[in-house]
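Got some structures for you, see below.
Look for subunit A in each of the two complexes below; its partner is subunit B in the first and subunit C in the second.
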Partner chain A sequence: MRIKETLENYVFVLPAVTIFIVFYIIPFIWVFQLGLFEWDGILPTKIFVGLNNFKEIFFDRTWWQSMGNAGYITLIALTFQNIIAFMLAWACDREIRAKNFYRLIFFIPPVLSEVVVGLVWQWILDGNYGLLNYWLNGLGLGNLTRSWLSDPQTALTAVAIVHSWKGFGWGFLIFLAGLQTIPRELYEAARVDGANAWQTFKNVTIPLMIPVAALVAILTILGSMQSFVLINAMTRGGPAYHTEVPVLRILASMRGSSRFGYACAQGISFGVILMAISFVQYKLSKKIKE
Partner chain B sequence: MSGKKQILCLLLAFAALSGCAPQKEASNSANTITVWHWMTDREPAFRELARRYEAKTGIKVRFELYAPSEEYSQKVRAAAQGVNLPDIFGILGEKKDFASFIKAGHVLNLSSYMSADNFKWRDRFYARALAVNEFPSGNTYGVPAGYYAVPIDVMTIQMLYNKELLKKLGSEPPKNLQELLDIGKKIKAAKMQGLVSGWGEIALIDCFANNYAFNIMGKDKVLATIKGRVPYTDPDWIRVLSLFKEMQESGVFANGLVTMINKNAEQLFANGRAVFAFNGSWCVNVYKGMNPNLSYGVMLPPKASDKYPMAIWGGAGSSFMVNARAKNKEEAVKFLEWLTDKEQQAYLSEATNNLPANKESVSALSEVMAQFAKGIDNSTHPNVWGVSEFTPVLEAFDKGIQSIIIGEKTPEQVASEVQKIKMRELAKKK
Partner chain C sequence: MRNTAYYNVKRIIVNTAIHSFLLAVAVTCIFPLLWMVACSLKTQEEIFKSMSLIPYGWHFENYYLAWMQGGFGRFFINSIIYTVSVVVGIIIISSMAAYAFSRLQFPGKNILFYMFIAAMMIPIPGSFVPLYVLLNKLHLRNTAIGYILCMINVGLSTSIFLLKTFFDKMPKELEDAARIDGCSKIGIWRHVALPLAKPVLAVVVVFNVLNVWNEYVLALVIFDSRQLMPLQVALTSFQGEFVTNYPLLMAGLTITALPVIIVYLLMQKYIVKGVTQGAVVG
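And then the complex of A and B:
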């Protein structure tokens, strides 16, 4: 009877486990396996190269440059994007007029298509006929105009800011949900104890928001490191390699160079790096919380 | 959950998963030929031709459009891996990719069909259009000699100039590099935009550089470089790279050229906002759609040297291959023969403003199309060179040119970096 019950339980989870194995575990093993081969993606024959593809990644300067660029975009997102998201969430958590309208407005960028956002911002930042340069000229700041996406000094920062604009809505939503879980009695108690607005914010809001901030930070890191659709639409990794990011490099290996094995090795390495970053981030936030 | 429901769940899961299994063959009925393509602008004309073919033979031709071209390319590769290619398809990529498709058994050798009736089919095409699809005997790709695709149209990639803007600058179309650089200075002074092109997408920048490489050092030396016998640090290659620096400094290039995609470049030129463009003959249809009143001319890139002739890229614009494993391959070949007949080619040319691959169909071309067609005499293409450069080398070369244009690196630095990558790739190959 007991065996029958156990078997029945296994039958319940079998479809989910099967789908997970077929769509996640087996492809992951295949990708790792392909990383050990040199293969052009067309020929039925693959050449076994062992760990050579993984070794090659260590000496691939463009790959590490792209990691650095993604790191920079992530840094801007972690600071600029999340501070704005938090400030806006904090403002919307208070009793202000039309706060539901603001909530809606702030969540529009994340739901827009990345390609559309990329193309619109490409037009805004265009060096010849872009809106930004037009406004700068109108304000008498013509000396600041430039080709924002083609100038190596500004291209990556411009892309990072657009990425932050596109992504801050998610942070806003999570921060807002977090702020709403803080019991109101704590604010009342702080007020009764004579705490001013800053002291309440510092001693009540911030400590209770640390777990939420940690979650937003992890999601931001994972999302920003993997960003590429927006960048592909805006600069295609150019000028030269100034806005190249890891996913664009993986695509270049696969589509451009027809090196599927190397692309798989890059994908696996990138996944491991992201997991390591997330783990460190998780440990750090746990320590801060304690 | 009852036993019946459990069984139902399992069956549903099995049905969902079995959908992922590859099909063995391109499954079409004998009366339907499936064609995959990426040519958005040609879709209505293809459909009309399919209608005519069905009316004539009773065989239905289903053109399936998958755009943009990058996605199309991925679809074809994925279908090849799953042995699920349609009866007729196109391959976008380098010659080595084409060779891999052939070696994997996906592409039918059309030589016997081409040579039938005393080479009747073969001889209707421009030789240069067919050469792109030919693997001669003893080719370095290890592919059996033969013709493996049918050219549908012909293209050349050249420089275009806006007649009105050039007139405003008081200039004539430049005949040599010095004249081009002088016009660049005028463009800069007039705060106009110079040359626009899709140089953010790599292929066109490579094409422009190769045009000048052929002009400065000749075909043999370019091919010797690809074979690894001449280094990229050779003075001739540094001269080629230096041209980009000179053109940038003189004002020939438009602002933002290095990240420009061709669609944006086409809009700028069509709207009369750029003096020059570097584009393929497919642009005629695009410009016509964007601005039917645009007044422009076509020319070869102005020569930098008199030592060798200027060579432009040209040949087959788009080609169709027949799936060697298709049940309908004989029908597919017959359809392609019909599609490349004089009448159908003339219709395609007229409807899509592309140069026909069938030389008998070239009759009443517009002035611009005739200028593009004239360029075929000066054309070459990487697919007919018999050797291919390593992709990382090409990427380093093209990205290096972008670095020169943005003033980040010198031609010498770029040449040295490219050569290092070339040596690495050669060592890997050994």
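And then the complex of A and C:
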């Protein structure tokens, strides 16, 4: 009777666990195995190369360039994007009209697909027929016009700004939820004590928002470092690797040069770096809290 | 008296400044979409000449052409099939598992549950590489079912977590009553737990619909045949293949974005809830 009951209970988790083992655990193990082989993904024979793939990553200049690019995009997202997100949330937290309207609009870019966003912005930023250049010309700033996405000097920044455009709604919603948990009495009390708006902001709002900011920061880092679909749609990593990012490199190792082992090694080392960043960030935010 | 006037003026100025800022950002959010729709209604010549937001003629036939000639009809149906199957699969599988993790007893329960949670925390960039190999071995690559199973797995962990949190807080009385009435465990899950969980299920549905509809890289890697491609992959291949026909591309983008925007507008409340809950999780 008891055994029958236990078996019955297992039936509930069986589909979930089966799918999870087949499509998560097994691939997870394979990444580590494949990372040690040289394999084109087709031939039945794999050549064991030990840690050579990992050594090769150290000297792979394009890989580190792509890391740098992702770092740059992340930096823009952390500063520009999140500061705007916070300012918007702060503005919406006040008793203003049309608050819900703004909240509705600001989350439209995040729900759109990266492909759609990428292709629309690619068209707006187009060198010959793009809207941005047309406007610049109209404003008499014709000397600023350029092929934003194929000019090595602007491509990465343009991509980073579109990435921020797509992503700020997340930070905005989380910041707003955080701001709304601050008890109104605290603001009241600060005012009674004679604090001006800036002092209230500095001494009440900011300290209470630090944990929220830490959370937004970590989500931004993990999201921005791994973003690539948007970039693929806008520039395909070009011009000449100027907007190349790590996940695009992994995709290129797999599909472009058919090196499955190397692709897995890249995935592992990138994953480890991401874990390390989140760990450090977690520790730091704990320290700041204390 | 003068003081109140001063404060009133100050408040009006501050409010105007705040609204201008919010409005400016809101316009930046909307404008690219309006531009996309405007361009989808122009002709190929007009699109290169006129920068007006309002087209000369409203060429709705672009949508017909994109749907028929561009093949977006086929891709749209593919996307619908994948999204519906994955979401239905996730709902059934994750709610059963979450219910068991919350209410039923069996050995290894905690280990299994934490396994799912750990999967939420560990980033595996490039997980599409081993998944491609796996599907190849199972002879499921370039099949709809292979893609659907992969995507069910993608949404499983978070959905189980959200549902389990809900079931943990749900009062047990109703289930007890059902049990006394002779309801089986499956019956209780189906007729008591699921109906009560509707608000969380809505959150699960919205996020997974958006996630599957917008998914790109797995579909890119798994599907070779055009027949099976969802919209997102079709869009990038459309863009590369010919000298781009911009009005048709823009029509295709609009066709792709529209369902997402409709779902978002209808279920916005659940998205806000999901983001804030998800934030608490992290």
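The rule is simple: the second predicted complex is superposed on the first by the 267 of 290 C-alpha atoms of A that agree within 3 Å, B and C clash if a C-alpha of one lies under 4 Å from a C-alpha of the other, contacts with A are read in each partner's own complex, and residues count from 1 in each chain.
Basically, a residue touches a chain if its C-beta (ideal position, glycine included) is under 8 Å from a C-beta of that chain, and two chains touch if they have at least 3 such contacts.
Keep in mind that this is a model prediction, so the values were computed, not measured.
Applying the stated clash criterion after superposition on subunit A shows that subunit B and subunit C collide. Of the two partner chains, subunit B and subunit C are each touched by A:I19. Of the two partner chains placed by the overlay, only subunit B lies in contact with A:A155; subunit C stays clear of it.
By the touch criterion stated above, A:Y129 is placed in contact with subunit B and with subunit C alike. By the touch criterion defined above, A:C264 reaches subunit C but does not reach subunit B. The larger set of touched subunit A residues comes from C, when the choice is between subunit B and subunit C. Contacts of A:V31 after superposition: subunit C is touched, whereas subunit B is not reached. Of the two partner chains placed around the shared chain by superposition, subunit B is the only one that A:Y241 touches, whereas subunit C remains out of contact.
By the document's definition of touching, both partners, subunit B and subunit C, reach A:R255. In the superposed model, A:L219 lies in contact with subunit C only, and not with subunit B.
In the overlay built on the shared chain, the residue A:M87 is in contact with subunit C alone; subunit B does not reach it. The clashing stretch of subunit B relative to subunit C, chosen from 61-69, 115-123 or 367-375, is 61-69 in the chain A superposition.
Shared interface residues of subunit A (contacting subunit B in one complex, subunit C in the other): 12, 15, 19, 22, 41, 129, 255. Subunit C contributes residues 15, 18-19, 21-22, 25-26, 28-30, 32-33, 35-36, 39, 47-48, 51, 92-94, 96-97, 99-101, 104-107, 112, 115-116, 119, 122-134, 136, 149-150, 152-153, 156-157, 160, 185, 189, 210, 213-214, 216-217, 221, 232, 235-236, 239, 246, 249-250, 253, 256-257, 260-261, 263-265, 268, 271-272, 275-276, 279, 282 to its touches with subunit A in the complex.
Subunit A meets subunit C in the complex at residues 6, 8-10, 12-13, 15-17, 19-20, 22-28, 30-31, 34, 41, 84, 87-88, 91-92, 94, 96, 101-109, 111-117, 119-121, 123-124, 129, 131, 134, 165, 170, 173-174, 177, 212, 215, 218-219, 222, 226, 228-229, 232-233, 246-247, 250-251, 254-255, 260, 263-264, 266-267, 270-271, 274-275. Interface residues of subunit B facing subunit A in the complex, by the touch rule stated above, are 1, 6, 9-10, 12-13, 16-17, 20, 70, 73-74, 77, 80-81, 93, 96-97, 100-101, 103-104, 106, 193, 200-201, 254-261, 264, 268, 273, 391-392, 395, 399-400, 402-403, 405-406, 408. Of all residues in subunit A, only 11-12, 14-15, 18-19, 22, 40-44, 122, 126-129, 147, 149-152, 155, 234-236, 238-241, 252, 255-259 touch subunit B in the complex they form.
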